[in-house]
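In the two complexes below, chain A is the common chain; its partner is chain B in one and chain C in the other.
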Partner chain A sequence: MKILVCIKQVPDMESRFKVNADGVWYDERDLAFRMNEYDEYAVEQAVRIKEQLGGAADITILSIGPARVVEAIKKGMAMGGDRGVHVKDDSLAQRDPWQLASTIAAFARSKNFDLIFTGMQSQDRGSTQVGAILAELLGYACATTLIGFELNGDVVTARRELEGGVKAIVRFRLPAVVTCQLGLNTPRYPTLPNIMKVRQKELLAFPVADFLTEESLTITEKMYLPEKKGRARVLEGDVSQLADQLLAILKEKTTVLR
Partner chain B sequence: MNFDLTEEQKLIQETARAFAQTELEPVAARLDQTGDREIFLGNLKKLAELGFMGLNIREEYGGAQAGMIAFSLALTEIARACASTAVTVSVSNLVCEVIQSVGTEAQKRAYIPKICSGENAAGSFALTEAGAGSDPAAMTTTATLDGDAWVLNGSKRFISSAPYAGVFVAWAVTDKTAPKGKGISCFLVEAESEGLVIGKAEEKMGQHASATNEILFNDCRIPKDALLGQINGGLRVAVGELTGGRVGIGSLALGIGLAAMDYATRYAQERIQFGQKIANFQAIQWMIADSYTELEAARLLLMQAAFRRDQGQSFVREAAMAKLFATEAANRACYTALQMMGGYGYSRDFPLERYARDVRVTSIYEGTSEIQRLIIAREILKNVNHE
Partner chain C sequence: MKTLLICEYRQGKLLDVSYELLAFAERLGADKAMLLIGDESQAPKFGGKVYLADAGKYGEYNPDAHKQIVLEAARREQADLIVFVHSSYGWDLAPQVAASLRCAQVSEIVGVVESKFEVAACNAKLRRIATPKTPQAALTIQAGAFGYRGEAQGTPQIERIEIPAGPARIEFVGYEAAEKKELDLAKADVIVSAGRGVGKKDNVTAIAALAKALGGELGATRPVVDAGWVEHSHQVGSTGQVVSPKLYVACGVSGAIHHLAGMKNSEFIVAINKDKDAPIGEVADVLVVADVMQLVPALTAKLAK
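Coming up: the complex of A and B.
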């Protein structure tokens, strides 16, 4: 079983974001970066399959981006990935989902992966498109927003989360691309010995030009922080007064109690 | 000159932080008040499984072999959430390091993997006695050879983790006629050893979840091969290994200081008095500025000491400076943070009073501040010639 996990490195979401000088992305200076949260579920699921198959799987962790993304790749390898692939691209912020998916597809096309995992979306761009476009480009089956995953032979039975709490169960054959929702599993912490042993694993690096030939189809024209609307209201008083005030507000301004 | 952490160090820091926030922080206040040992030991086991008990230990003995910078980073993150857990991790690492540094191959294989894997909840370091604190050479516990066994008699005071440690690294006098400090040896004493009694638990000001007990050796018989390192060469081992431990305690103190200041600083941005956030008052701003400056200086001293150790350079002076400064800066930071929160800092509804109690001992154990100053001065003076 050949598995590819596509991950992205994103800023820590507790950071304070500023729009950059071009006005089309956030300023990356002074931000702490980490693995996109959705992708942690993707890596975990891949590692669980490898465990389910008694080790008979080979997991490649791929990330596109500048030098800093190697840290996220190494985390994926410490969690159980067998090899890392760094597609070096200093212009990640300008790539649209079409270009990212095309780049990954160009890398993956000749390699016959059975299963490709991505996060449902990235925490910074949030397009939710890369996985689905990748499946289309490779001619693979595709299921998105997974909250359950089961593999039997070459058949996947997956649970999807739809709008409004509705769930769906889908079944499909490999090869496939799946995108992972939060809560699909409980991602493991990488152990310290495994973090230190990542150095012994293979980490391949390619310039993005090796795979990227497509122009972007969407252009971000402007990025801006939402205007501050209204003021938060701080309720004061003892507990019973607070409860009364809250109840009044909920009745008056919302529909939750109607 | 390069101040960047390696990718591995960053990942270890991230793992420690994530674990501390999810598993330790939510129970820290409860552990402080009830000392709930089951939860405490459960978390230690998980930390061991992740590799935190043998940060500097070689892979063949079950360690992570991650170096002392990683050790420092990990302890700071753990201590931000729970100082009791952090001290147990620090001392267990220290015990593993003592065994790794002077143990025989058989001793290393027998004891280190058990601590690293969590099979033993912790390791204990038994040096201090009622009459021998800052001056460990004054110890009176004895070990005498009787056939193929050592027989230990005496008692130790303030021994961290004693009720749940799997093994004790313990020091005893083996040659009473030798000059002071030259007749002390080190031993490996298993928890089940006949004649080893876990005595009274210390009732402490802070770090409540971590047990600190007296231990008694009543004709405690241990095998002849339980001698750790050279006969009569034990004190040098204790003094030498404590150098690394000091980086651990300084890093732990830094974590508590940062937790306190982070909490109080957020509070200052929310608390309104005289119609404005108290963070607007210059008095509060100076507290924030001074505390964070000191904590940052502490971090750099710790990183320098750890870096030198990782490079194989001497770090006695640097470790003592780092421990002295970091623990005292962290004490000041906790005191300041508590002050910034007024009455709420003093209330059990907030974690500040716990931080202030937990941080206090860091300038006492593993060498008081006064002893650190003695070490620093000695290291400086020995390099200054006088005619």
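Coming up: the complex of A and C.
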């Protein structure tokens, strides 16, 4: 079983964001980066399949981006990936989902992956597109927003999360692209011995030009901070005083303390 | 400009969210036609053209067939914009449609600014203007962003679509109903919710204690439920419960769109967060900048007096 897991490295969402000098993306300076949350579920599911098959699977962890993304690839390898692929691209912010999916498709096309995992969305761009476009480009079956996954031979039975608590059960044959939703599994923390093992694993690097031949189809014209609606009254300071202040507000503005 | 608006249909029913597509097209001042893959009895109340394909024949969920039907309707309509709701249906199908047309896609549009599409980035901390470079584009719009006012009216002119049978790579096995909720949060006057910022499972006790002291119930965000810290019946949000209590206290909750969808209509909202910029501040009446595990026990202690 050949498995590809596509991961993105994204800023910690608790960061304070600033717009960059061009005004079209966020300023990357002073940001801490980590693996896209949804992609952790993707890596975990791939590793679980390998365990289910008694090790008879080979997992490639791929990420497109600048040098920093190697950290996320290494985390995926420490979680159980067999090999890392870094597609080096210093212009990641300008790429649209079509280009990212085309790049991954060009890498994957000759390699006959049985199963490709992506997150359902990236936390920064949040396009919810790369996985489904990739499936279309490779002619693979595509199942999105999975919260359940079961492999039997070459047949997958999966649960898709719909709105309002309803789920759909779907079944499909490999090869397939699947996109992972929060709660699909419980992603493991890499253990120290497994972190040590990463050094012995293969980490390949390619310039993006090896795979990217497509122009972008959408552009970000502008990025900006949302207008503060200024509804919230902000309280700061000493905890005990804050508690008193808050209780006074609740007494005045709500009926729950009466 | 011509829009083709793709209706949402599930378990034999047209979903109301379909009408938000009309509101969006009106915001753009564009021509409108709709596509329903469903039953004719469920055709939207819309006084324009509705392309209709029979879900009895093609299935409610069958991406291969639905893609062909959307492409056929877009071709007949000569649509510039093919518009979906950003939902489990829309984000599944729109990229596949866009990729087969090699056209641009803009996802989860939250606004129209000078006729351009505005989308959110980085957990709603940023916005961007995303613009298609191709003449045709597929779009998904955020449910709730464009609203829909008034009763729908009008009788559609139906035009049927049939497509040749093709392979269906995804077999739809069936729906699994929503779990029965043993806890009806909608009845609570006060809800105190635990977000990931509470740090660990053991700390949830302190949040529950505050809920009790205020005579309310414990709520939770999705990651807290996924991690097994709190039962699913307590989840608030688009895939949990929708609530509007007199008081909602969000403890260590960032305020992601999917969480806001479940609580933004609460009468009074207090957020406790160490991040002054957390998007929950957009809907909160009071944002207390503090460590939740320091402030919450202090509040509970003062209430006990």
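We adopt the following convention: the second predicted complex is superposed on the first by the 231 of 258 C-alpha atoms of A that agree within 3 Å, B and C clash if a C-alpha of one lies under 4 Å from a C-alpha of the other, contacts with A are read in each partner's own complex, and residues count from 1 in each chain.
In the analysis below, a contact is a pair of C-beta atoms (placed from the backbone, for glycine too) under 8 Å apart; a residue touches a chain by one contact, two chains touch by 3 or more.
The shown structure was predicted, so the numbers you read here are calculated from the model rather than taken from an experiment.
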- Message: Taking the superposition on A as described, I'd like to know which of chain B and chain C A:Gln45 touches: first, second, both or neither.
- Response: neither
- Task: In the overlay, answer first, second, both or neither for which of chain B and chain C A:Gln123 touches.
- Result: second
- Task: Return the chain, chain B or chain C, that is in touch with more residues of chain A.
- Result: C
- Message: If we overlay the two complexes on their shared chain A, which of chain B and chain C does A:Gln99 touch? Say first, second, both or neither.
- Response: neither
- Regarding the shared-chain residue A:Thr60, is it in contact with chain B (first), chain C (second), both, or neither? neither
- Which of chain B and chain C A:Ile249 touches, first, second, both or neither: second
- Message: Tell me the contact category for A:Asn36 with respect to chain B and chain C: first, second, both or neither.
- Response: neither
- Message: Per the contact definition in the header, classify A:Glu236: touching chain B only (first), chain C only (second), both, or neither.
- Response: second
- Footprint overlap on chain A, where chain B in one structure and chain C in the other make contact: none
- In their complex, what parts of chain A are in touch with chain C? 11, 13-14, 16-17, 19, 24, 26, 96-98, 101, 120-121, 123-129, 131-133, 135-137, 141-145, 157, 159-173, 176, 182-183, 186, 215-226, 228-229, 231-236, 239-240, 242-244, 246-247, 249-250, 253-257
- Query: Mind pulling up the chain A residues that touch chain B in the complex?
  - Reply: 34, 70-71, 74-75, 78, 189-196, 198-199
- Item | Touching residues (chain side chain C, partner chain A) in the complex | 10-11, 61, 63, 86-89, 91-92, 94-96, 98-100, 102-108, 116, 119-134, 137, 140, 169-179, 189-190, 214-216, 222-223, 225-228, 238-240, 246-247, 254, 267-268, 270-271, 275-278, 281-291, 294-295, 298-299, 302-303
- Task: Quick one: which bits of chain B touch chain A in the complex? Just the residue numbers, please.
- Result: 7-8, 10-12, 14-15, 18-19, 49-52, 55, 59, 63-66, 70
